[in-house]
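Order of writing sets the labels: A, B and C. Residues in every chain begin at 1.
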Amino acid sequence: MADMSDNLKPKDHFPEQQGEKKQKKSKLTLAKQKKPKSPKKKWLTDEGKWGLFMISPYLIQFIVFIAFTLIASLYFSFSRYDMLNAPQWIGLDNYDKLINDPVFWKSLWNTLYFTILFVPTQTILALILAAALNQSLKGLKLYRMAHFIPVISSWTVVLYVADAIFNPRFGLANDLLLKLGMEPQQWLNDEALVIPVLVTVAVWKGIGYMMIIFLAGLQNVPEDLYEAADIEGAGVLQKFRHVTVPLISGTTFLVLVLSTITTFQAFEQIYVMTGNSGDITAAGGPNNASMVLMLYLFQQGFAFLKMGYASAIAWVLFLILFAITLVQVKLQNKWVHYEK
Amino acid sequence: MKNPNRKRKIISYLIITFSALIMLTPFVAAALNSLKSYTQYTAIPVEWIPNPFKWENYIEVWRMTDFAQYGWNSLVVTLLSVLGALFSCSMVAYAFARLEFPFKNSLFVMVLGTLMIPPVVMIIPQFIIFRNMGFLDTLVPLWILEWLAQPFGVFLMRQAFLSIPKSYEEAAKLDGCSPFQTYWRIFLPMCKPQLATLTIFTFMTKWNEIMAPVIYLSSEEKFTLPIGVLSMSGAWFGKEQYLVAAALMTLIPILIVFLFTEKFFVRGASSSGLK
Amino acid sequence: MAGKWLKISVLIMAFVFILTGCSDESGGEAGANSDQTEITLGFYSSGSADEKMNELIEKFEAEHPDIKVNTQNAPYQQFFQKLDTQIAGGTAPDVWLSDGVFVQKYAERGAAKDLTEWINEDLNKDEYYGLDFNKDSDGKYWGVPQGIQIGALFYNKDMFDQAGVDYPDENWTWEDLKEAGAKLTMDTEGKKADDASFKPDSVKQYGLTFFNITEGWMPVMKSYGGGVLGEDLRNSIVDSEENKEAVNYIVDGMERGIFTDPSDLQAFQSPMSPFPSETAAMRIGIYARTLAANETGVNYDVTVLPKGPDGERFSPTIANSWVISDSASDEKAKAAWEWVKYWVQEDEVQKEWAALGEAVPVKKSVANSDLFLGSGDKPANKQAFLDSFEHAGTLDVNAVWSEWVKKFGDNINRAFLNETSVEEALENADEEVQKVLDEFYENQ
């Protein structure tokens, strides 16, 4: 192992860092920097240096890619920009237009509706499944596999697979409804049903993944806690409620935040499933009932060459999402239980 | 065997059997569709069982698409991406979870913020950056960003590192491990389930990605599988069952990877201390 | 074990960073012969046609040793996203194949090169179909057709025979079509559209499949004397009596189950499917639709589209065209022009492309030759496509075509689905289409 650590040392930047000599080393560094610092607070400790070194991939990404992107898209959002010609500054016009654009409001509402329907449903179902799978059952691998096939499928695959079910003419769902003597439905072509159907398909596709995340979290729950609960005579549900749920609150938090963000940005599914053979301008129907923000901004940007307007939508989307996440992070302290 | 445990098992079996059925039925239906003739595929009322089973649909799709070449390109992109994601995300995440450094909180908010930038607005600026680097029409733009710690993975790994007791770190310190060594030797091996999760997530996004390959790749011999299949779909009017077959075929490699990953990473419940 | 992997990872990372740091060289050109002009040609894939395209490009290179062509292609839906990104990034191909409805999108925004002079000098306009479809209101040419799509009426002979209905001919009006369509429409219980017990909700076989603009409302509205845009293509003329009449005609056909409505089409993997899958007896179809029909072996033929109430006829036309980039250098633009000329002028190219059956050949002599008309493939009456040129018109194509088509389509679909009255739909469409036009043209 010694050779490994030698190779790993980023020698130029951190001339000496043997763990045992931590104290001395920091002093040395300080001396080298020749910056007068208060003796109590060192600006850059050894650990600090390591920290910065270890996050350097992200820093590089930020400096090389993100910073430019952010500045560019912010500038575009204040411009008339058709991609084919240089952007022209028009001040707040795009934002002004956005406030008065009924389709924008509709797609914002649809996005929220989709998220509110999707995130809790998927989280709860995934948790139940994970709890069910987190024990030595026969055929465990097969079960896990079954839940994973939708996860690894592309949306194109899901399109055909979901079509086998929800096609109003050839689909299994209407076939069943008819056999049960019920009225067949238009599913994706029904303004009231389109989002619930999309959410159902999204849960179906995503649940296996969330389940795996939960499963990974559940495996950190010590079995003796369950045994203790058994001794106290707790039932299955009680154990789930009082042992499992609190102990994986960290994972739950992660799942909630990540799925809120990804759902808010959901685009491909709706594009693939509501567009006519991939026609972006046809997606989001019927009558904009499934138009979500990401789809709308993609359509405005790439189909109608209004990249300036699309960037304005993007920034609004970004800010809303940021606010929601901040709230989630703030609320985290109230219910998330971390191992001390 | 104790009674409550048995009850728990029975309920569990019921739940997962039911949901496994829901998961798989649509695939069976789609697979059946892919084996039909066009007339049967569009027949009303629906005929669920292909008659005859047209296995040649798959042969024809294989013949018409350069599956091997496209698949190889996809594999290169995907594997490089997975390696990059595993390494960069876990390292960055470790620092955020376990180390103190200047601006840590602001930087973490930045990472979270990155996750929220709508990918669509990044297309043009990124294209310009990659153009200036001379990476157009190479596979590089498709995987290099994964080496620079994508926020989703960072977030995932950070949460995993956070749940490990502090005592491990202290023990490592006493042994004279640098933070990097602590991360690499002690913390990383403890997060195998999360690493597996990240592997599969990265694999699936990269394997199925369409937009970036379309924009960055121009030469046909560099195309990845999803574009290859899309390119062919124009020729399949009147043979839409081929589209279903092609889509299902792209699923096979990733299924193999999943089996592989499962074996290496995900600890079975039996080995995790449960009995 | 772990150490080895780590080393490899670190190595790759270091390698990557080095690469990212210093890669300003713009490779590729170095190897090329210095007196060769290298051009980039972009085209959207259409399956097996790609191979033929590459073959023709090789032949072109053999005949023009001073020109080297690099191709790039992408699936149709993604091709234009890529192209727009490339133009934004300053790396547009020198010449590309544009869908006919997108030529003006590039022309009016200054991304396409004005080809008027070259066309006047080098091409005899009478020899080709469709040159004028790329002409703007100022008389400028922005592209040269690569292949022509023109609409005709497709009909399934077997279904007509079975129902005992006479085949359509050039005397048909849209009303005749609906009348015949009623006899050709069947629900799942075999009842015809005129039966009292006919169930328009469970149609097994439609009279006419009706889809979107080109193969849907546009030819009907235009032959009724209506339309969407006025002659200057900057004003909406949606809210007119003629349009009302035309849309009422369509809505009635859909209500009675004779025409497919937008939600019926949703049931098909592609809205093009009903005819080739023999779920509809007739379709309005552009030439390329013969491919799918031939593929599935439908026994069909074509004739010109029906006339409107006043005897007017309209055949929708799309001239998919070669467009040269405005940012191409003079040298490259000229080389690209050589390619365009090669494409339309060479009989061999025209013939080989025609043999694919994707489009009506641009060169009239080839289109009127036995090679095209008497190829033996269905439909037998290919002449109908050529006859249709007499009534040919474009789809009111301008810079914001896709956007106003969406606005119009969204509104009209609500009328088709009976969610709103025809009057209201047209009124709203008129307003929204005008808004799209104003927003673009007032800022030009």
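Going forward, contacts are C-beta pairs under 8 Å (C-beta built on N, C-alpha and C of every residue); 3 or more make two chains touch, one makes a residue touch a chain.
Fair warning: this is a prediction, and the values are worked out from it, not measured in the lab.
Student: Computing the C-alpha centre of each chain, which chain sits at the greatest distance from chain A?
Tutor: C
Student: Could you tell me which pair, A-B or A-C, is linked by more C-beta pairs in contact?
Tutor: Between the two chain pairs, A-B has more contacting C-beta pairs.
Student: Counting in whole Å, what is the centre-to-centre distance of chain A and chain C, each centre being its mean C-alpha position?
Tutor: Using C-alpha averages as centres, the distance is 38 Å.
Student: Suppose each chain is reduced to the average of its Cα coordinates; what separation in Å results between chain A and chain B?
Tutor: The answer is 14 Å.
Student: Which residue numbers or ranges of chain C touch two or more of the other chains?
Tutor: Only 2, 6, 13, 20, 77, 81, 85, 88, 268-270, 272 qualify.
Student: Scan chain A for residues touching two or more other chains and write them down.
Tutor: 1, 8, 57, 60, 64, 83, 160, 163, 169-170, 278, 302, 307
Student: Any chance you could list the residues of chain B touching two or more other chains?
Tutor: 41-42, 44-45, 88, 124, 147, 185, 230, 243
Student: Going by the contact rule set out above, which residues of chain B touch chain A in the complex?
Tutor: Listed in rising order, the residues are 2, 4-5, 7-9, 11-13, 15-17, 19-20, 22-27, 29-30, 32-34, 41-42, 44-46, 88, 91-92, 94-96, 99-102, 104, 107, 110-122, 124-126, 129, 145, 147-149, 151-152, 154-156, 159-160, 162-166, 173, 175-181, 183, 185, 193-194, 196-197, 200-201, 203-204, 207-208, 226, 229-230, 243-244, 247-248, 250-251, 254-255, 258-259, 262, 266-270, 272-275.
Student: Tell me, which parts of chain B touch chain C in their complex?
Tutor: My answer: residues 38-39, 41-42, 44-45, 64, 80, 83-84, 87-88, 123-124, 127-128, 131-137, 140, 144, 147, 184-185, 210-211, 214-215, 218-220, 227, 230-240, 243.
Student: Provide the residue numbers of chain A that touch chain B in the complex, in ascending order.
Tutor: Against chain B, chain A makes touches at 1, 5, 8-9, 17-20, 43-45, 47-55, 57-62, 64-66, 68-70, 72-73, 76, 83, 125, 128-129, 131-137, 140-157, 159-165, 169-172, 175, 204, 207-209, 212-213, 215-217, 219-220, 222-223, 230, 234-236, 250-251, 253-254, 257-258, 261, 264-265, 267, 278, 294, 297-298, 301-302, 307, 310-311, 314, 317-318, 321-322, 325, 338-340.
Student: Considering only the defined contacts, which chain C positions touch chain A in the complex?
Tutor: Chain C residues touching chain A: 2-3, 6-7, 10, 13, 17, 20, 77, 80-81, 84-85, 87-88, 105-106, 109-111, 262-272, 400, 402-403, 405-406, 410, 413-414, 417, 419, 443.
Student: Inside the complex, what are the residues of chain A that reach chain C?
Tutor: 1, 3-4, 7-8, 57, 60, 64, 80, 82-85, 160, 163, 167-170, 186, 188-189, 276-281, 285-288, 302-305, 307
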